[in-house]
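Quick heads-up: structures coming right below.
Shared chain: chain A. Partners: chain B in the first complex, chain C in the second.
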Partner chain A sequence: MTIFGFVRKNMFRKKLRAILMLAATFIAFLIFGVLMAFFNAFNSGTENAAADRMVVVNKINFTQTMPFAYFNRVKAIEGVELAGHANWFGGYYQDPKNQIPVFAVSPEEYLDLYPEWIIEDEVRDAFLSDRTALLIGADLALRLGIEVGTQIPMFSNIYSHKDGGNSWSFNVVGLIEGRDKDTPTANVIFHYDYFNETITFGQDNIGWMVVRTASPDLNDVVAERIDTQFANSQAETKTSSEKAFNKAFIAQLGNITLIVGLVVGAAFLTILMIVGNTMVMSIRERTKEIGVLKTLGFSSPRILRMVLAESLLLSFVGGLLGMGVATLIVAVMSVLLQGFIPGMAVGADVFLQALGIMFILGLITGLPPALTAMRLPIVKALSRG
Partner chain B sequence: MTDNALIQIRSVTKAYSKAKERIGIFEDLNLDIKKGDFVAVMGPSGSGKTTLLNLVGGVDQPDAGEVVIGGKHIEKLSEGQLAKWRSGHVGFIFQFYNLMPMLSAAQNVELPLLLTKLSRKERAERVATALSVVNLSDRAKHSPKEMSGGQMQRVAIARAIVSDPDLLLCDEPTGDLDRETADEILTMLQLLNKELGKTIIMVTHDPAAAAYAKRVLHLDKGLFVEKERAA
Partner chain C sequence: MKSMMLQIIAVLTINIKSLPQRFWMSTSTIGAVALVVAVLLGFLAMANGFQKTISGTGSQDTAIVLREGSQAELNSVISRPDQRIIEEAPGVARQNGAPVASGELYVVVDGVKKASQTEANLPLRGVGPMGLNVREGFKITKGRMFASGSNEVVAGAALLREFSGFELGRTVRFGTSEWKVVGVFEANGSIFESELWADLPVVQSLFNRGSAVQVMRLGLSGQNTLEDMKSYLLEDQNLDLDIYTEQDYFAEQASQTTNFIQYLGWPLGVAMALGALAGALNTMYSSVASRASEIATLRAIGFSGFSAFVGTLAEALVLSAMGAVLGVLIAWAFFDGISTSTLGASFTQVVFTFELSLDVIVQALILALAIGLIGGILPAVRAARQNVAAAFQTAE
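The block that comes next holds the complex of A and B.
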């Protein structure tokens, strides 16, 4: 036996109690791991946003369209280096449950606007030269089992095809690869012209524009110029940086930071009280044993370290189990939700935060009983029944 | 008083405070115990028997006076120094055994050795020896709840002697045992005293238990009322 073995045996001396405390810690860290993965995935859009890209949307809200004519007027505004436009297609593949982000875009400009998408030259050429061509993110293609070189139908839950039905046929000409692992590749783009010519309503309208300025320093000026250009028109615009746009988009779902903070905080506060209280009771029950250990020569600082080690062990075992299962759950969810929340994963940063919280929780729950045990006079301890 | 005594208690005063009231235990207590002695301390409740053991074992400090064990003034040691001193020099045996319920007999005996630098193998050898001394080698892996009172007390004795201390302090070691088992335990203590030369101080209410000691001291109201009565 070692001191650590003794600590471990102390922790499991009442198995049911130890299991319940571990379960409480496990659940708290499971919630933490899953919610942080969601939180980071939601925010990855803002983290990956380019500083020199801006988004122009209808001032009412981004689901309202704008006349196509706006596009040419925006391109002509001073400070605008490049502009592209896109429409939300409302696409799904094979099954309405398989909803995926499909955009009808101005092809050439759009590819130029997103240098983080790595597309081979011959793929780019094939895409630009074929009005029914489609580019699909590599992760999404893998998930849906779509292969390059095939012809696939893509459905819309918004638009109808002028030939009847809500299905469009596309040639899959290539994949969109990410520049790095943080670049999401879970979307689909195709030609706006093909879209505009085949839909039964809403022609000659665009959903939003993406604008690149000559320098991020010009963003504010250019944004003002664009919005001034369309002030008092039938569709006023709101121009913001890509980062601000992404944040506003996420904000529509609610204050994610606050929600995550409250849920995680409540979970940790609960285990703090449960585990803290149980640790205090557990040590109080062992008062006489602590007295015996001290008579055997265990010094007070050693007793303090042993009690702290016990609460830290509890926190780390429960926490690591929780984080492990959270990682598995998130791995499954990331596949299922790849189309809408790409890049969901329990990253190293979340794990490091979790380790820090485990340490602090172990310390906070263990310190009061550890200090009590350390200060306990032997004579007093031994006199307790 | 003898200069070659293992234990020398000089002019010790000890009192406790209870509800702002001072309860005196010892006033000018003096005692010498030679190395290899086996002393039984008897007396009514509240006479200071356990306090005497606590002072000699370094688990409590006198208010005044000297407690010298093996030439060391333990009343001058800090709490940390006392803990270290206890681990090497004193073995404690309690009335209710005070074993750790989640540890096996061998692990209970090993506890004091966790504070030493002995290797795992050396510790295992010492534990085996201590358990064989108390005739419990076959119970090494049993937990306290699987043992009788006498067996638990023998484990406690093994734990007390495993680090080979000079001094064994026993507080009512047979108080929770039947006569037959008590006799076994007392015979074992006698053996440890005679064969291994352990100095033993045993607090007891039981004259039959005291009869196993080399001498009996009677404490009453913090004073030895009768000394050196041969058992």
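The block that comes next holds the complex of A and C.
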């Protein structure tokens, strides 16, 4: 019998007990995998932020607007390579509860600012040449069942149309696809001019600007230049990197890092207690056997390795099963939650972390009984039980 | 019947008294159940506290009028001519002949969240003289109320707990205007305590809103007057409005976040409970195995299998109950009363505290006892069915 076969036999000597231990480990890693996928999706705005993009908002708060004239002034500032602007439309589709992120933007600049959006050339031309055109993120279009080539009404929960009502008609000319899997595509964009000409109040104001600098190293200098330009004006600005802006926004939701940390910590502490105790018990039951092995000439370090191998095997089998099922669950959820929490996936980094935890968990649960077994004098072992 | 009871009591006593012999296994089960209960209670207390803050805000006697489809105060706009029509609607209470109608402005300004040191959306509400007549329990606890016509603000007590930038006596700048914080207020622990308040006309002019307001609150003159008001205002073709009682409005606002927290908390709680269940089953099977000769002895001297069953099941229930109590204590010590804030439905921060309630604790206890029950029943069946002769043979 090989050593591995021996370890495996030992682990399953009480089948039910082994299965229960595997189940407990499985659950903890399942929770870990799913929560981390959620957590990373929440933070994707920070992770995916382009280093050379900055956001210029009204200093009072980003929901306050600023005059359209600021746009031309920002474009002229040294170090600004490209600038675009956007307004929050407060859009909803069909039902007021069905709120979606709809932005009225400077069309050409905006598309150029987001190279992670993949838009076919014909679609781009169609969008730029039609003032009532609209581009919709592929995930969102799928969720709402909106098809390319149709004309749809989009409602605003803020603005009124000058012809009455709060509905705007748009030509859906194409989809925004993500460059890679975790690029969120849940936005809708349309022409600022169409917006500005049809609203009943708030004309000639823009919500915020997105600025690309010549190099990320220039960010601080350019931000300073922009904010100085508008200091003491009726709408002072605050310029920050896209990453910092997204990070502050996520922090508004609450301390998600702390919550995820506490739950994952509690889950692992639970199995640490359960599996740790069971390992101690199962090795104690085998005291006599260990004495026999030692009599046969098995060295103490070898005994230590055998016991550790058993706890590691348990941890890795349970953990890998848990991560596998977590991947499946997240795959299903990412389809169901498309458009709500885009970009949910169990990434390679989460898997690596999980492997690390499996290793540590196996060591911690196995080490105390392994050390006991290693130090056990033969005479004592054989005389017990 | 009586002898059965006595048997059960005897077995129970033996099982419970022998718990310390299986100290570490029993402790791990108690600990596992405690952690399950604490995690679930954390989420439920969060949802409960949030809901209490928001739904505690709404009054049944106040109507809230928003532009149609706007869903939240932040998005709504009501022009001056429309305000006039709304004020004169049937069902609006009157005080000294004047309609109890409060037009209010709701703009978002930046504060700094103390916990993360990042900027956060705080609501600045412009209120007129009628603002206090449509709210109960508003009182200034420090400083004084803002003077009408001046650039002065008062800050809610809850807001000051979580955010910096608006301390009493401080001057803040919004655009080109400077404002002084002259007072701190409380409002029955409602959502209004997460707000900044200032004089309506001043906010209108300094934020370039002309004479428009965003929301109107109306005192209702009687019990069923909301329907009259609705039919009058909603029939007017020139007005596009939504009307709710303030209570319904805030209940709706609370539901989304509360549901989200619960949808997150319950599956996590149940998943962890399954992990703890594996631990409980393991503990109880070992308990039955270690007591094999003891159970056999009892059976041999005439105890029934049923008493062995009940004894084992009771042991599992006692362990899970101890875990549950420990979990409640952990939750009470660490979570209860913690103040925090999140982004509410109006896109501004809502300050609330984690709040354990009897209802919430009962839900967690049920989950804990379910672990004990399921974790006890299978091993208990094994204990009851144990073959007496075989048990004596294997027990060396």
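The definition used in the following text is that the second predicted complex is superposed on the first by the 302 of 385 C-alpha atoms of A that agree within 3 Å, B and C clash if a C-alpha of one lies under 4 Å from a C-alpha of the other, contacts with A are read in each partner's own complex, and residues count from 1 in each chain.
Keep in mind that, in the parts below, a residue touches a chain if its C-beta (ideal position, glycine included) is under 8 Å from a C-beta of that chain, and two chains touch if they have at least 3 such contacts.
Quick caveat, the model's predicted, so the values are computed rather than measured.
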First, second, both or neither for A:Ala248, with chain B first and chain C second: second
Chain B versus chain C as contact partner of A:Arg225, first or second or both or neither: neither
First (chain B), second (chain C), both or neither touched by A:Phe6: first
First, second, both or neither for A:Leu293, with chain B first and chain C second: first
In the superposition, chain B vs chain C on chain A residues touched: C
First (chain B), second (chain C), both or neither touched by A:Asn277: second
Which superposed partner A:His161 touches (first chain B, second chain C, both, neither): neither
Interface residues, chain A side, partner chain C - complex: 16-17, 20-21, 23-24, 27-28, 30-31, 35, 58-61, 63-64, 90, 92, 96-97, 99, 155-158, 160, 165-166, 201, 232-236, 247-248, 251-255, 262-263, 266-267, 269-271, 273-274, 276-278, 280-281
Footprint of chain B on chain A - complex, ascending: 1-3, 6, 9-10, 12-13, 288-289, 292-302, 378-379, 382
Touching residues on chain C, where the partner in the complex is chain A: 24-25, 27-29, 31-32, 35-36, 38-39, 42, 67-72, 74-75, 77, 107-110, 113, 115-116, 118-121, 174-176, 207, 212, 240, 268, 271-272, 274-276, 278-279, 281-282, 285-286, 340-343, 347, 349
Residue ranges of chain B in contact with chain A within the complex: 54, 57, 59-60, 79-80, 83-84, 86-88, 90, 92, 94, 98, 100-103, 107, 110-112, 114-115, 120, 159
